[in-house]
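Each of the next two complexes has chain A plus one other chain: chain B in the first, chain C in the second.
Presenting the complex of A and B:
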């Protein structure tokens, strides 16, 4: 099932073209990687997919199952985009609870369970302002997955994570793929891309190109 | 648990208390009832002349203080938390409505809080609860309450939506601070000629004793709110999200 289609999308900022006639198709149940140098437009592509910005030309088509009537943004998407913002004076749990209260889809126990999955103590009284970068990244991941979102748009999900956490999250993402979830991610670490992604798009010279899948023997990710 | 981030709010509340309880203010001499105090303390500015710097400054602290706190809040909100909130709300209009309800409740809470504070401080200083205004014979009690609560709420909402528009359109916080500065200037009757600008219109000094003047102020503020909300709808449709 074609879940997201990027069709002939061009996007400029202040006269500078970032994406030129970009085309891509993302099917349900796969993991896709987006690669490219810093500032090449990976985050812009994610914002276009999520509807936060509009293409100058072309369109982004989201499958009707993932769009509500009169909605600006797709449904059932979990995202990490840009640097995540938090209420610095609140705990990680309190931050997640505030986001969860928007849709009222999950309970406190669900939030606590998700925090444990990403390696955080849900009962820690530590405020987010004293969290390490890695802990903040885990909170970002937790909010992206805690409501059992079916589509994950993850911009640099492994940033600042220690090696054990990287392995845990890789394993988690592969499990999600087995469950039929769709994941689009960026990473500057080629190993992440090689281990996880079924298909890779590369942004080069403002063009979005499908890179031939690398034939690798995927080592088993251990938890 | 106590946090340093609460200091500005504590400072704001202390300034409000100080402004209402200030024993050197002329209104203590003239006030017989708590309604006199409410009228004189929130006198702000007047189109009929008689500018008082103390009244103007107290008005700026109270009402522009609320708009300033909203500016701090919205800047933080749009600097990262927004994406996570937006994807869950799915619609910008839904998100804006929820935000509007939240800040609307803030404004009501502030006005009711100020009213209660004025009442308590007035009672503590021996003023009466008798439902009449003695400092201005031709002004009714309900006119004072209407101006304070209804026009006060509309005025606060108008200022906050202006700041929201500025924060949405421009990445730089300084634009929102410029808007705040312009709003402060626009409170002054010498700039707000004909009272056509949405600033300072909830001052008690605008009460003439005629209901039609108060209703006119309400109509102006509602008109501005409609224009501001129309601008919000337009930029939601036309402009990309310019976040920090």
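Presenting the complex of A and C:
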């Protein structure tokens, strides 16, 4: 099933073209990697997919099952774009609870469970302003997955994580793929891309190119 | 959406909110008590003007920002707002927060001004700190009431009763405060520098006051139209001129964001 289709998308900022006639198809149940140098437009592509910004030309088509009713944004998407977001004066749990209160889909126990999955103590009283970058990244991951989102758009999800956490999250993402979830991620670490992704798109010279064919099986990441 | 607005309002009614309200009230009344010891006053209306016409007209735009917009700026600055987008349309979130901001700021200032009124009219006369000598101002029992009707802008309303005046005047200040808070809310969205965005309402307030003085338009000074205790009485429509201009600015901001949400950097 074609979940997301990027069709002939062109996007420029202040006269500088970042993406030119970009095309891509993301199917359900696969992990996709997006690579490219800094500033090549990976985050912009993610923002286009999420509907945060509009393309100058072309369109991004989201499958109707993954579009919110009466709203112009994708539904059941978990995202990390650019960098983590948070309220500095609140604990990690309080931050996640505030996001969870918007849709009321999950309980406090679900939030606590997700925090443990990403390696955070749900009962820590530490405010997020004193969190390390890695801990903030884990909160970003937790909010992206805590409501059992079926599509994960993850911009540098392994950024600032220690090696054990990287392995845990890699394993988690592969499990999600087995469950039929769709994941699109960027990473500057080629190992992440090689281990996790079924297909890889590269942004080069403003073009989005498919650089690796679908690989049937991947070795399971050992934790 | 109404339920979500109430939820947001309830969440922001924190001990910090109460503390800010209490500290502002204590500061205003303490200053008025200290200042009034050195003056001989006409009546409780003049005492009420003493209470409000001290530091409040200067710090007014700062407090309007502190009630809600300061914490909202944290949500924008640390990208908390961005991660609400996959859960609720950004414009819905924006309306909820804008309305919560307006309601909270309104309640904050309405109750503040009304308590100041109750203090000046009912509590202070029992304590007896201020000295009242209406005769020294040529006022007698027969003409003091008529004098209050023509003393300051909005005291025309006293002829309908002190309660009517106090409610409507508190409403007026609260409405202006909510308007300032609404404009500050959008400045936080538009300006990346958080400190500048939060300071700008105060800076513009001060600059506008001096500009209007230099243009001989003192009558429309932002501090005078909200706290009109240093001037002779003006017709009731005059304070509405700056109010309507500011309201139009707020509506322009709202319309721009509604039509161009993808152009607002704070949203992505």
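Quick note on the criterion: the second predicted complex is superposed on the first by the 215 of 223 C-alpha atoms of A that agree within 3 Å, B and C clash if a C-alpha of one lies under 4 Å from a C-alpha of the other, contacts with A are read in each partner's own complex, and residues count from 1 in each chain.
We take it that a contact is a pair of C-beta atoms (placed from the backbone, for glycine too) under 8 Å apart; a residue touches a chain by one contact, two chains touch by 3 or more.
Quick caveat, the model's predicted, so the values are computed rather than measured.
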Chain C versus chain B on the shared chain A, clash or fit after superposition: clash
Which superposed partner A:52 touches (first chain B, second chain C, both, neither): both
Chain B versus chain C as contact partner of A:143, first or second or both or neither: both
Contacts of A:133 with chain B and chain C, given as first, second, both or neither: neither
Partner chain(s) touched by A:210 [first = chain B, second = chain C, both, neither]: neither
Partner chain(s) touched by A:124 [first = chain B, second = chain C, both, neither]: neither
Residues of chain A contacting chain B in one complex and chain C in the other: 47, 50, 52-54, 68, 71-74, 77-79, 81-89, 99, 102-103, 143, 147
Residue ranges of chain C touching chain A (in the complex, touch as defined): 7, 74-75, 78-90, 93, 262, 267-268
Residues on chain A engaged by chain B in the complex (per definition of touch): 47, 50, 52-54, 68, 70-75, 77-79, 81-89, 99, 102-103, 127, 143, 147
Residue ranges of chain B touching chain A (in the complex, touch as defined): 3, 5, 76-77, 79-93, 236, 240-241, 243
Chain A - residues contacting chain C, complex: 47, 50, 52-54, 68, 71-74, 77-79, 81-89, 95, 98-99, 101-103, 140, 143, 147, 149
